[in-house]
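Two complexes come next, and they have one chain in common, chain A, joined by chain B in the first and chain C in the second.
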Partner chain A sequence: MTRFFQTLKTAPYTAWFGMAVILLVAIIAILAPVIAPYGETAVVGEQYEPWSSQFLLGTDNLGRDMFSRLIYGTRNTVGLALLTTAIAFTVGSLLGIVAAVVGGMTDRLLSRIIDVIMAIPSLILALMLLTIVGASIASMVLVIALIYVAPVFRLARASAQSVVVMDYIQAARLRGEGLGWLVVREVLPNIASTLVAEFGLRFCFVFLFIAALSFLGLGIQPPTADWGSMLKENATLISFGDITPLLPAAAIAVLTVSINFVVDWMLHRSSGLKD
Partner chain B sequence: MGRIWILVGERLALGVITLLVVSALIFVGVELLPGDLAQEILGQSATPETVAAFRHELGLDQPAIQRYFHWLLGAVQGDFGTSLANNRPISELLSVRLGNTLFLAAFAATVSIPLALTLGILAALYRNSIFDRLCNVVALIWVSLPEFFVAYVLILFLAVRVALFPSLSNIDPGMPFGELVYRSFLPALTLVLVVMAHMMRMTRAAIINVLASPYIEMARLKGMSRLRVILYHALPNALAPIINVVALNLAYLVVGVVVVEVVFVYPGLGQLFVDAVTHRDVMVVQSVGLLFAAAYILLNLIADVLSIVTNPRLMGERR
Partner chain C sequence: MKTVGKDRPPLLTIRDLRIEGKSTNGWTRLVDGVDLDLARGEVLGLIGESGAGKSTLGLAAMGFTRDGCRITSGSIGFDGIDLARCGEHVRRDFRGKRIAYVAQSAAASFNPAHKLIDQHCEAPVVKKVMPRAKAEAEAVELYRKMRLPQPEGIGFRYPHQVSGGQLQRAMTAMAMACKPDLIIFDEPTTALDVTTQIEVLASIRDIVEQFGTAAIYISHDLAVVAQMADRIMVLKNGRTVETAETRTMLSAPQEEYTKSLWAVRSLERPRQERGTGARPVMSLKNVDAGYGAAKVLEDVSFDIHCGQTVAVVGESGSGKSTAARVISGILKPSRGEVLFEGRKLPADYLSRSREDLRHVQMIYQMPDTALNPRQSIRDIIGRPVEFYLGLKGREKEQRIRALLEQIELDPAIYMDRRPTELSGGQKQRIGIARALAAEPKFIICDEVTSALDQLVAAGILALLARVQKERDLALMFITHDLATVKAVADEVVVMQHGRVVETGAVETVFANPAHAYTTHLLQSVPEMDPDWLTRRTMSNRAVPA
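Entry: the complex of A and B
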């Protein structure tokens, strides 16, 4: 524990800033109903009211409180991004490790399928899949998770391959351990640190992806508050020189920048320790 | 025939196969659509005879394999079938918009690539100086910004607060070149800002990586200036990763245009694609998706081939 705090002390300002923002966002997301002055979808005033003491950031195109929606949006956007990334990581890393452990035809087949997914630009693939399954929150989460299984699979497979050749894996195989044991108890703990660093990076991509899809009107559907669609709904205000619609986009930007700062520091530290 | 051309040939063949698999996947995806396409378009009230006639018109009564090859052959020759939404031939919709999108991507590329390479080389040259650190932090922030945020900030400051450029890019291929550049300036600038940071960071990293090699130390011991060392010794060896990153970013431009075109209401492929997805016009989605995927695969292919061809170690074997 003391070592943990000592490491924290050496963190640069950018990483400190990043960690503070992530903590703040987490608190806001968890306590959303307590902090928000109005309900998520409650119409409380006229449309496009200016900033005032009653409506801190004014109201949106339907007369809902911008500040409250921004807070609920934290929960929805960040929560869904976490869920999606978690699904992609569970499926991707398990498949990747299985491919490395089993090898042979299974490995080749899985790798070729993943190659095809990676060959199509992700946004285009997502939009095409959404045309087929229709736009809804569940289909969006599954489609994005499917797309991000590919890079996670590649990373997990590559890292697992260097573990699979170790003697203790050989020993476990000779003991007659099953596939499940090999994957979860022998390989996974040894590549977990690589996967964790990747998680932060992928979370950023997924988060931006969800925001972009919602912005295009094909992700999180109204009336659910979400940062991407809030920008879309209120974009007309920008042509009057009002910055309010940019706030949700700024929130997206600040959170991704913060995560990148922290990940950058972690990568720098792990590469610095090696040499 | 050197090994290099065999490698290039292998990559080309792999690219063609990937494209075929992707096109088949796109086709099968649309096949999986729940319900009958003809029934869906005509509505529930259509009589079985009209549905059958329409199916025949669309060619839906033929086996799937036959339709796939028919579609693919048509697509190769520039015939993508007709749009379900307005019954116009898709190739007619595509040709103008494809030109517009290519213009925008080319515009962004011609500005961003030289700028990013220069900044990356300078950052590597003045490593760990204030300039380098500033570039690094700004690039890191910039990489994490969503395109639509950059786009709207530019609209707010360069189109609304100070009316320098139009916020909506209504362009028409018949316009004079200067007018085209003026009208598509903001979307192009957005794309430049989005792709530049990544290219700059990778250029810097690739050069610094090479700078650690013994032959660089040798060159420096000969008394060469730092700039000469970087330009004549480091850059050629760092070229492969740099070309790779440039091509990857060009491929990214192809995808990035989708969001940017929607923000600026730019009449390009991306806009068409999003509209088609919203209206579930599967024929258009299929065609535009194939075009985007083809462009993406092609650029990745070019990246691979170029990095094989420019690799100094492989070049030695060409004799």
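Entry: the complex of A and C
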């Protein structure tokens, strides 16, 4: 624990900024019902009301409070992105390490399946799969997770390959250790920093992907508040020179940049560079 | 051997040099107030264990420090100019032209994308010493002087197309391209086999003498330095321990530390007699093995008995490590079998029982890659204890403590450290403890001391000898260092091109080698005698091999 705080001390100010924003977003997401002045889907005023003391950021196309929806949107968008990325990483990295450790036919088979997924443009694949299985939150999470298993698998496999040639892996194999031990106890800890850094980066992509799908109408369905669909619903206001609909977009941008600041710092640390 | 005249003009004068390197907690002294004088045409040997500051000092002689290092005080006078204070353009002009550098690994120092001669001619052309055509002609001449095969053609090959020894000679030729006043040789033969080393040493010495170039020769092997240097300087922790003429240094070293550099050579171990009729612990019977179509082992057979150490020697590519891979079951032999206590072991380690795996343990060459950097010492040693012996909780804890005490590391201090917090020698001890934790009958030691300093290596060898005696272990000791063989082994197996050319008791084989290759191998080991190389090269030329 003390080591953790010592590491924090060496963080550059960009990483500090990133961590502060992430912490803030996390607090907002957890305490959404406490912070938000109105309910998520409650119609509380007229259509497109301007910013006022009553409606901090005005109201949207149905007269719902923008500020409240933005806060609830944090919960939905960020929460789902986190869940999706977590699934993609668990599946992708485990399969990737297994492919590297076992090698041979298993490796070839898994790699070719992943190649097939990567060969189809991800947005088109997602739209197609969602049309087949129907647009629901569960299917969206699983479809996006499937798409993001591919790059995670490739990264995990490539980093694990440089670890499996080490003598300590040979020593573990010769000891008679099973696949589970090799994957989880011997290889995974050695590529964890790379995977964590990649997690931050992929999280942003997934996040943008969900926003994009919501914008296209196939992601999080109304009336659930979500930054992507909020942008779509209020796009009309842009032509009147009002920046309100851009606020969800700004929230997406700030969170993405913040995560990347932290990820950059972690990548830098795991690469062992000084200064 | 040249005699050192006092009248020779000084070339390099280093005074009270201090260099610091950046570490996690501030700056650490790497070179701490060293004085060094080098006359024109003189060869100075720098010797010491790793971390002594040899390479840092060698590079400083070019006015260069590695990234994250800085010269804090002192002067580096080269031919009247202080390299520590002059501008970078002056230093850059000197490098390659008047001061050249030959690195330890020629394979890593040549650019693999360019032909040798292109890289050779770069310095003379860029520094405007001579035009390209003349540089090429001189390159061929230098290749000839370095006794490279086909001097006209070899320059047009890429680095991966020539052998390690040839590459090291090409690198020396390249350093000579501008006829520099000073060459720094940083362990140029450390990565080479003894038989290759002797050729490279001879050609380096010849060319340095012919051109009258001054040189700083860095090595950790005193016997090698003795062949090359007029004077030897011993370094420890960035300070000079002693400096003396080579012969004086060898015959009458002043400091205790200098004497300790002989450590491995003076190691003695009582020989174990093989009990007649006893069944060997491990034997290879008529084993053929290879990678794909390439055959690496041919008809290899040898036995290893209880309580005995069998050294397997030979140059790289002779199949020593492949034999170990066959025994451990990583490589399936195409013919022949592996017998453990007279019982045939399955060829593939995956089909061996846990009990069979337990009795065949390995200790690896590189302690850095042999231990998982993400596990604590407790986990590394504790795993085999739990896995093979089924010990848990307090019993496991006690066993780990006992093992750490056995390898002479304090459990209270080291139990929860990670490998990265240990020195090379300590890591190798942990590797030994991990093998011992399985309570095996047989351990393969694959070049276990070659990555370590002499003094540390001696400690490791003494430890191995002790635990072997305590547990009546059979050891297979793979090495290319014949001095180590003399110190630790009972029997020796000499391998060449994948075949066993000679086996027998160490005394018999060393005193009375039956095979020409064994003789050649034995004669290639540098001796602590400054005239050894001269004698060897003379006799080699008299009787062409």
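Assume the second predicted complex is superposed on the first by the 253 of 275 C-alpha atoms of A that agree within 3 Å, B and C clash if a C-alpha of one lies under 4 Å from a C-alpha of the other, contacts with A are read in each partner's own complex, and residues count from 1 in each chain.
Throughout what follows, contacts are C-beta pairs under 8 Å (C-beta built on N, C-alpha and C of every residue); 3 or more make two chains touch, one makes a residue touch a chain.
As the structure is a computational prediction, the values presented were derived from the model and not from experiment.
> Any idea whether chain B or chain C touches more of chain A?
Comparing touch counts on chain A for chain B and chain C gives B.
> Identify the partner contact of A:174: answer first if only chain B is touched, second if only chain C is, both if each is, neither if none is.
In the superposition, A:174 touches chain C alone.
> Going by the contact rule set out at the top, does A:119 touch chain B (first), chain C (second), both, or neither?
A:119: touches chain B, not chain C.
> Check the residue A:138 against both partner chains and state whether it touches chain B (first), chain C (second), both, or neither.
A:138: touches no partner chain.
> Taking the superposition as given, does A:186 touch the first partner, chain B, the second, chain C, both, or neither?
second
> After lining up the shared chain so the two structures overlap, which partner does A:238 touch, if you call chain B first and chain C second: first, second, both or neither?
A:238 sits against chain B, while chain C stays out of touch.
> Residues of chain A that sit at the chain B interface in one complex and at the chain C interface in the other, please.
Residues common to the chain A contacts of chain C and of chain B do not exist here, since the sets are disjoint.
> Which of the residues in chain B end up touching chain A in this complex?
18, 21-22, 25-26, 29-30, 32-33, 137, 140-141, 143-149, 152-153, 155-156, 160-161, 167, 251, 254-255, 258-259, 262, 273-274, 276-278, 280, 282, 285-286, 289, 292-293, 296-297, 300
> For a test of understanding, state which residues of chain A touch chain B in their complex under the given definition.
Within the complex, chain A contacts chain B at residues 14, 115-116, 119-124, 127-132, 134, 204, 208, 211-212, 215-218, 228, 231, 235, 238-241, 243, 245-246, 249-250, 252-253, 256-257, 259-261, 264.
> Can you list the chain C residues touching chain A in their complex?
Result: residues 22, 68, 328-330, 349, 352, 354, 357, 360, 362, 364-366, 369-375, 383-384, 387-388, 434, 438 of chain C touch chain A.
> Residue numbers of chain A touching chain C in their complex, please.
Within the complex, chain A touches chain C at residues 166-168, 170-177, 185-186, 189-190, 192, 274.
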